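Both complexes shown next keep subunit A, but they swap its partner, so subunit B is in the first and subunit C is in the second.
Up next, the complex of A and B:
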């Protein structure tokens, strides 16, 4: 059996990879059709009614609107693959130049939130499962339920009210990262956006962790391990935790992917210069090439995170590994 | 999707025998305090949204005093950045969010349930086609798709409703399919088929009632998210300009939080009470459904 195991795992990863690529191709068609091949004239929609015929013609050429739809799509997709994301209509700059510093800013924010929230929520979930129906479990699950129901921008603004404006002034209400500066040189500015993202993620992950841990703690092999007389620490860390983490990886990945969307609002609340703020700006300015590029970027992040989650689930869950 | 995510999804959302009528599930969930508290909160906000405009001392856009003035006898919650009465705008600002969120969720539940049940019942390539289509829709965050729609069509209320509904459909469809799958395999479905019951009647008459429990749990969760998304879009400045809408109000008065907090704080409280209320109701229904399943497992 063991000889077939790696092949099974690799075969599974390959299948997931192919599925991810298919999903991305379909997303690219969707994004392209939605933003470029709409009925009506996108150039007119972008420039508005006051556009001159010359500027309309120039924009049509720039967007390759004078070519057949399939050629337009092909030019766009092959450009994406070569790293050519197109030009921003608003800034008149290549999108990659425009977005790369913002991408770094957003990545730092999301990574920071992930590093803080994942161990925290695993700890809360596991502890609540161990103290099931006790005070900690009930208090944490009720608090997290209420936090999970709040929209992120409400959480963000409550933090601003508490720490940056009305109640106290210990932190800045605006987290602008000046151009050319890096987020880690402005760590005070990162506190409130990161905290908001952590509060947005912890309820979901810890809830799944709790449910998963309870299931594992009631399982036969944990009872067996206890009956063998293993120390409780060993039972929990060696036998219970690894199996409980399986479903949690999926939820972590889904939540990180969700963060890719969540930063749109959070970055706007704090005026943080990342890709989330850039999307909002592009929508307000009708900057369709930027919207297309960012939509593809976020979809790619989402697909990759899901793939990683599936692989991690396989690697960490012994009973699934043998089933492949 | 994959073996793993199916396995996880089944473990999370698809109880083995969810054959509980929706009304009975709702009634039983009322025994829980969290459902009652949730209902009180939601009821309060809904009442506010319905009768608010009749109680408002001023019109939503009437200038009643100096901008950002503190609470006084003329303006109980003070005025906003344009000198409009905060209380009146809060009383006017609930309707649009509530109506849009309920419409978007209802639309998504109807379409998503239909897709999920048909996919589960077809047991052939149609299942794959439908569910892969759902995967594609789910590969974009909800708010991103809504933003793209607004960027292209414009910030109309119906665009936001359709975009939120469209992105909610795949999530409902997955739950409906997951809950219907074990039912499809059971004998009474095969018996109905053998008796020549039309396929649409099997889907509507046999599958649908058996999936209502998980669907109601998911629908209440999705209602909470729809409210949050619609408020967030307004907060991002993508709804009708200067409409009396809680999201818009928060954005407009955020900058003067240090001077006159009520312009932002009052709508923040309203949104928070509403989403916490729907969240509590959803949790109550989920707990009741899980409790019923557990009791059945022990029978």
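Up next, the complex of A and C:
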């Protein structure tokens, strides 16, 4: 068997890609089963009391419910692959038109949060590890523990009270993006939501970074490097940091994936039009095609982020790289 | 979270859509003297500015149609561009201040509508009899599913006749004295011949022209320089933004990103007032009834219904559910109708009497399910508070909060909590208290005994052209409902809205729509 295993980093990426595709296929089957193929009539569930025989028949045709289950699944999956996500039942628009501005909005917010929170938490974690049990370490640990314990909406509301309503009015309280406009057209509005997300992510990542860094600093090879007389700078940056980052990438990936689907609360508090609100609306309105599209999208984000984290871990950890 | 849309689908045929009273709270001037006063005491109206309004309850199914609404933001947008023939004032009394100079009843089955002359649509076209006939035809076309359709049942729209450029004759199939109320309901708007819903161009007679609209997000409306009422409107633009969350809405108001918001939670009133935000408390006729189906056990026994009505502590319920913003009810709806029967004694809580009635009916230890849903705010709370109060009389009420309340079992339940908006009495009867009504929860009227002549009284009232005699008939109808009806109407909630103190001209209104009918279509309010 092992003869056919593609080797090296590229082989690893290839294997993980294939695995990711398998995961997505399984997810697509699950999503399909959970939404469309459940016992009962989805068309009746969607139309409820306003159902008439004509509207039921029309909706069944639109959802392909009049076809065998496998054909329905095939039509849907091949549509997804061709980039045809279907039409929203509520908005009566192609789902891609409906969701693409919201996707951009959510992506901008997550990207901003990532760009700010990753270096920040790595720096805080590493510094705390170096100054272990000293003032910075103790202060940052306690503060981060406190922030980690607060739900995002509490953080968001406290920030709004501080910067937008009761205490001062330096920033807008909401981040509504007017139709046709893009998030970066009004960057001031992005400050509070981004800050909230940064505060949501930094505690977890920096604590992992601190723990990982402490472990690395106590390892034999760091001691060896020091004994060799290498400058402390080189010891830390060349030898300690890369090895400490491995586990941190996994946590970053999980956090970002969580943000991708989990910023619904932030969207509510700041009236920010993103995919979190789209999920909620689709569920409330029984908008089946939109629910399916969003479930697949979020699954894909998870798979891709995990893949990236694994690759990054491999690249920074020589020990793992050589075992491929 | 208020869901206008869900309910609106259900009450879709109503002449006066039952979407008011969603915030389900309303002002009692005694308990909060600082609220409810008009905001416009400070000087003459001024021109200019962009009025920014935040509305909850919308989504991607928002529409812009001069004669239809689905969501609450749809209401806010509708009134900016479209107007009715007659107009309800802030006391919910019908006036001839709309597009029609007069609407006269020539006979029980015929009305004549005389248009005000020289009113132009936003594209410069003059409003004429042809547009009126087209507007009626459009509402009367069942396939369009417009809000006002059900109210056109008595109208012989095909036989409408243009008498001259500004005069239309409206014949009826059967007598109907409620036609004027229908013509004043906020979705019964006049549109130009050939009008179609958005994305077609939106042309009305209203104070603002639609500039841009993205369902679920935002719309921008520009001042109509040709508006027929001199001087009005005052704002240059109106921007209406959909909010998914009330907290974001009130933060935006506090932070100055919007100038007004719909539906402040009763618990938030003091918070907003403390931070110099105006709170407009409007006592509307919106109501959340506890409905007993009079033909389903145990409520087929009038004594059981009577007992249930005696169990309610109306003041306590008003306080607990609506934080006191409202006024108590007497198991009768349409409190602002000139025909409301004020002579019937206020029903008070009487647990001892309720117990003895239940005992006499053989239902001493009654246990019953009460169905409701998170439809309008206050529904679940009303059910829960009532269930608590009932335990004092030994009645065990099991509240079922069913997300699928408006599914197939709706209107077939013995015991349920529903909600309705402000309406005139006969219009409400047509919607909910006749065998032919689309939403008759209580299965009223009874087949025999008191109230069995209800439908014939209703038809008499429709045919009666003398208002005084009509009021007498309505009183008789209400007496029957008061005696043996199926509704428990503990109180009337209302609307609480928030506004920036720089907005002037808002007055508390008894109508269905928020914020003084959105500042009468954004034309009676201005920035001071």
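Methods note: the second predicted complex is superposed on the first by the 318 of 324 C-alpha atoms of A that agree within 3 Å, B and C clash if a C-alpha of one lies under 4 Å from a C-alpha of the other, contacts with A are read in each partner's own complex, and residues count from 1 in each chain.
The working rule: a contact is a pair of C-beta atoms (placed from the backbone, for glycine too) under 8 Å apart; a residue touches a chain by one contact, two chains touch by 3 or more.
Treat the numbers as computed from the prediction; the structure is a model and nothing was measured.
When both complexes are superposed on subunit A, subunit B and subunit C occupy overlapping space and clash. Shared-chain residue A:224: touches no atom of subunit B or subunit C. Touch criterion not met for A:115: it reaches neither subunit B nor subunit C. Shared-chain residue A:33: touches no atom of subunit B or subunit C. Of the two partner chains, subunit B is the only one that A:149 touches; subunit C does not reach it.
Looking at the superposed arrangement, the partner reaching more residues of subunit A, out of subunit B and subunit C, is B. When both complexes are overlaid on chain A, the residue A:310 reaches subunit B alone and has no touch with subunit C. Within the superposed three-chain model, A:295 lies in touch with subunit B and out of touch with subunit C [touch as defined at top]. In the superposition on chain A, contact of A:188 is made with neither subunit B nor subunit C. Using the contact criterion defined above for the overlaid structures, shared-chain residue A:173 touches subunit B and also reaches subunit C. In the superposition on chain A, A:281 contacts subunit C only, with no contact to subunit B.
Between subunit B and subunit C, the overlap after aligning on chain A sits in one stretch of 25-33, 43-51 or 79-87, namely 79-87.
The contact surfaces that subunit B and subunit C form on subunit A in the two complexes overlap at residues 157, 160, 165-166, 173, 268-269, 280, 284.
On the side of subunit A, the complex with subunit B involves touching residues 12, 15-16, 19, 22-24, 26-27, 30-31, 34-35, 38, 45, 142, 145-146, 148-154, 157-158, 160-161, 165-166, 173, 208, 211, 215, 246-247, 250, 257-258, 260-262, 264-265, 268-269, 279-280, 282-284, 286, 288, 291, 294-295, 298-299, 302-303, 306, 310, 313-314, 320, 323-324. Residue ranges of subunit B in contact with subunit A, taken from their complex: 1-5, 7-8, 11-12, 34, 132, 135-136, 139-144, 147-152, 224, 227-229, 231-232, 235-238, 250, 254, 257-258, 261, 264-265, 268, 271-272, 275-276, 278-280, 283.
Contact residues on subunit A toward subunit C in their complex (touch as defined above): 48-50, 88, 90-91, 93, 98, 157, 160, 164-166, 169, 172-174, 176, 178-180, 267-271, 273, 277, 280-281, 284-285.
Residues 3, 9-10, 54, 59-61, 212, 214-218, 241, 243-245, 247-249, 251-252, 254-258, 275, 404, 406-408, 410 of subunit C are the ones that touch subunit A when the two sit in their complex.
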